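Shared between the two complexes below is subunit A, which pairs with subunit B and subunit C, respectively.
Right, the complex of A and B next:
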C-alpha cells in the first residue's frame, strides 16, 4: 500500500539528499570565489594562506551559522506552532548583541582577544536564563514569546544606551558594524570557539523531530502519544540558545534566515515539522553561503554586510507573506 | 486494559471540577460518560488518560498508578482523542493518521510494514481512505473528526478514550463510528467515550456513567442509568424513553420548569 502514496508523501531521503548536495556545492563555491583567484598564478604559499586564514573560516562559519539559524527557526516554529516564530524572538540574539556591544563599549574587546565572542556568548546565556525564569516552569508557547519579547526589548534598549553614551567614535562604529552582522574577516580561533556550541545546539534541536510532529495535534494529544512537553521546551530553548547564541557571538545579528528558510521548505517537507528540521538546517546553510558568495561578487562596487542583505531580502518576504495570508483569509 | 479511578479530585484554575470520583471500566466494554455541559466529562477523561494531575485520589491502569507508567509505554496501550479537533500545519490525512504510530516506533526509525498496515486499516475503518492525500485543514469538520479518530485507531491501543467523537458527524458516519467502537470492545479493548447523544449511548454502550457537577450520580447498565427520573434530576428535561424496531431512543420532550 505504501507505493500508492509514494507520489503524494514527500520522500525524506530525496529531499535531504538533494539539499545536502546543494549545500556541499555552495560550500565548495564559497571556498573558490573571492577577489584572488586561487591556483592561478599565485605563489603556492600565499594561496594556501588565503585559503586557510580567509576562505576556510568564512565558508565554515557560513555553513554552521546558516544551519543554526535555519534549524532553530524550524524548531521554534514547530514548538510554538506559529509560522512567524524565529530565533530572535526568544531573546537570544538580543542578549548576544548586548554582551558583544558591552565588551566593545568597555574596551575589553580591544584589549584581549576573543573577549567579544565570549561576551556575546555570556549575553546569550543570561538572556536565555532570564527568558526561562520569566516564562515559568509551566509557561506555554504564548508565555515564552512574551518573555522573549520582554528580554529582547530590554536588551535592545541597553544596546541603544551603550551607543548613546559612547564617547569613542571608533568603538561606536565597531558596535554598529557588529550589529549589522558579517561573516568577513573572522579568524579560525573564533570559529573554533563557537563551533562546539553551535554543533551541540544543532544536535539537541535535531532530536526534536518526533515531539514536534506529535505537537501538530496539540499538547494534549502529543502528551498522550508519549511526548514530554516540558522536556521538549527545555530542548528547544537550550538548542536555540547554544546554536544561535554562539552564531551571533561570532557574526553579529543575521536576521530573517530562521524565518524564511523553514517557510520556503515547508511545502517540500509535506508540512511535517519533524522532516522540516534537517531540511531547514541544510537550507539555512545554503542560503547563508549563497548570500555570502553574492556579497563577494558585488564587492568591487559596493561593500555590503550579510545581515543587511538578509534583512533586505526579509522585508519583501514579509510583504509577500502578508499578501498571501490576506488572500487566504479573504471571504 | 482495566482502568480505574478512586476518589479522584481535579482542580482546574481554582475550581474543583471533579469532587471525589470513583470510576471503573473493563476490557470488552464500551463505556459512555454522559452529563450536562460542565459536568466534568472531559476532565474525567483527561485525568484517566494521565493528562491532568489530580489533587486527590489515583488513576490505575492495569492496577498500576499512572505515575508509575513510562509515558511511551502507556502511549502504546492507551490512546486519547481530544474534543478540540486541532491540526496545525497543512498535514495530509495520511500524515496525521501516521502520527498514531509514533509510540510504536523506536527513535529514529521510519515507518515499518506493521505501521503501514495499521494506518491503512485505520483510514479505511473511518472511511477516509479517499481523503488520505488531502491536507486536513482543508476538510469539513466531520471529515477532520474522522481523520483524527483514525489517528487514534492507528495507535492500536488496548484502551481508547474519545471525547465527543461523534459530534459533527453525519448520521451515517455516527453509526459507522459507534459500530466500530463497539467492535473494538468486542475484540477485548476498553473503550470510553464522553457523549452528549443519549440515544447513541443507550444503543451502543454497555455501561453508562452519569455525571453532574463533578460527581458520578449513577453508573451501570443503560436501562438503569437512563431513567426518566435521572434525566429530570440531572438535565432538567422531561424525557421520553422508547424502543423503535429494537433500537432504544431517548427523546428530550420538554424542558422542566
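Right, the complex of A and C next:
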C-alpha cells in the first residue's frame, strides 16, 4: 500500500519535508536540554546515563505522543467533518486515562505485561464509540462537543472515584498527573511499552488519506468513489484508540494538541484532509517537543505541567474556533 | 421488699454516677484518637480496654509503625457524629486536618487534647508527655521517653569529621527537606540532608537527572517500587534508580517509621547511624 504522500505534488512534498526537518531539530534540541545543562562537563558515565535513560525516552515520547495527538486530531476532524473534534475534547483521552488507572489500581499492570496500554486503548475505544453513538450520524459540531463533554466528564469522574476507592494516599496528586499530563522522568521501558501501539495507530490513521479526501465531498459522494464507510470508521476508531490510548497510558491526558495543529496546518495543506494527516503528525510532534522544551527551560523554578501549557495555548484557540464556528453557523 | 431493693438500686446508681465522673477525670476510659500519630502513642500508652476507637490508618502496615497492636481496635471514620456515637471521655487529635471536627466537639463539651507534632526529635518527648498526661499514664510515658533517650545516647559516635550526605527519595520524586522529622532523623544519625543541595521544584521534587548527575552518599527510599499501586511511583521503578542503587549506598526505610513523631523514629535513626558508621569505616 502506498503511503498517503507518495504521489503528491511538489509543494506538498516541500511542506512535509520542511515539517520533518523542524521535527528533527526539535527532537535534537529536546535531547540537549535538561536541568543538568548542556554538556557542562559531566562525568562521562553519569552523562551517558542521563542521555540514554532520561532524555532519550522523554524526547521519543514527546515526538510519538505529539504525533499521535496531532494525527488523531486531523483524522477525527476529517472523519467527523467537524472542526472541533479532538482526542481530549471528545473524551478519548479521558477514556484512556480511566482504562490506565483501572489497570494500575487493580494491580494488573504490575502483574501482567502490556495490560497498561491495552487497558488504556480499550478505554479510549469505548469512549470513542460512545461519543460517535451519542452524537449520531448527522449530529452537528455542537452535538459532538456535548457528547464529548458528557463522556470525558464521566471518564474523569470515574478516574477520581477509582483513585479514591483505592485508598491510595497519593490519590489527589495522582489525579493531577492523569488530568494534566507529564513527560517528566519517563523511562525507556515505558517507551517500549507504548511505542508499538502508538506506531500501529499512527500507521492505521495514515492509511485513511484517500478515504478522508473523498469524505470531504460528503458520505454519498465518498461511497460512489468506492470508499467503504464502515471500514473507514473502524480504522478511525482503532487508530485513535491505539495511538491516543497508548500515549495517555504513559503521559496522562495532554489536551488541545489535536485541535491546534490541524487547524494551524490546514491552510498550508490546501484544505485536503489526506495531506493534512501526515502534516499534522509531524506538526503534533513539533508542538509537543517545543512545549516540553519550553517547560524545561523554566521547570526548576516553577512546576508547570505540559498539559497545562498545551491548555494555555489551546483554550484561546478554542475560543477563536467557537467564535468562527458561530459566525459560520449564524443564519 | 421490692420497694426497698429498688431504693438500694437507686442509691447504688446515684453512687456510681457520682463516682464515675471523678474517676474519668483521673484516667479516661473511653478514649478516641483522630490522628495516625496520636493513634500510635495511645496504643502504646494505655491498655486496650480504655481505647474506644482509633483511625483506620493505625492498622495500615504501610503508614503505621504498630499495625499488629492496632489490629482489632474499633475504627472511627472521624466525623463529629461518628465520634459522639462512641461517647468518648477524651479525644486526641493532631494539629492538622480535623479543625472543624475538633471545634464542634469542644463546643459540645467534649474534652479534646491537641497533641503537638513538632518536626524534630525533641517533639517526640513533648508528644509522648502530652498524651501520657492526658490519659493518666505519666509513669508509662516517662518510661517510653527514658528508653528513647537511652537509645539515642547509645548511637555510634562520629569517628571522623566526615559528614556524608543522604536524601530521602519518595514517590513522585519528592525529597524530605529541612524542618521535617526525616531531616531530624538524618541529622541525629550524622548525615547531612542532601536535599538542600539540589535545585528543587516548587513542589519539593528533585528531577531524576540531577540525582544521577550528583548522587548523594546514601539514597534512602521511603517505599518499595511496587508497595503502592500508583502511577506516581514510576520514578521509583525508573531504571536509573536501580543503577544508582547498584553503584552507591542505598537503604529502604519505610516511611511508616518516620511519618509520625513517636519513639519509633529511633529505629530509623539507629539504622541510619549504622550505615553512616559503615560509610565512615570505608572512607578511612
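Operating definition for what follows: the second predicted complex is superposed on the first by the 242 of 331 C-alpha atoms of A that agree within 3 Å, B and C clash if a C-alpha of one lies under 4 Å from a C-alpha of the other, contacts with A are read in each partner's own complex, and residues count from 1 in each chain.
Here, a residue touches a chain if its C-beta (ideal position, glycine included) is under 8 Å from a C-beta of that chain, and two chains touch if they have at least 3 such contacts.
Nothing here was measured: the structure is a model prediction, and the numbers come from that model.
J.: Using the superposition on chain A described above, determine whether A:220 touches subunit B (first), subunit C (second), both, or neither.
T.: first
J.: Where does A:210 make contact in the superposed view: on subunit B (first), on subunit C (second), on both, or on neither?
T.: First partner only.
J.: Name the chain, either subunit B or subunit C, that contacts more residues of subunit A.
T.: Touching more residues of subunit A than the other partner does is C.
J.: Could you look at A:323 and tell me whether it touches subunit B, subunit C, both or neither (first, second, both, neither)?
T.: Touch partners of A:323: none, neither subunit B nor subunit C.
J.: Considering only the touch criterion stated at the top, classify A:190 as touching first (subunit B), second (subunit C), both, or neither.
T.: The second partner, subunit C, only.
J.: Quick one: in the complex, what on subunit A touches subunit B?
T.: 1-2, 5, 8-9, 12, 81, 210, 213-218, 220-221, 223-228, 266, 270-273
J.: Which residues of subunit B touch subunit A once you look at their complex with the stated criterion?
T.: By the definition above, subunit B touches subunit A via 46, 49-51, 71-76, 78-82, 84, 86-92, 94-96, 99-100, 102-103, 105, 107, 110-111, 116-117, 120, 132-133, 135, 148, 151, 155.
J.: Under the touch definition given earlier, write down the residues of subunit A that touch subunit C in their complex.
T.: 34-36, 42, 46-47, 49-50, 53-55, 100-101, 104-107, 110, 166, 168-170, 173-174, 177-178, 184-190, 252, 299-303
J.: Which residues of subunit C touch subunit A once you look at their complex with the stated criterion?
T.: Residue list for subunit C touching subunit A: 62-63, 171-173, 199-203, 205, 207-210, 212-213, 226, 228-232, 234-235, 237-240, 243.
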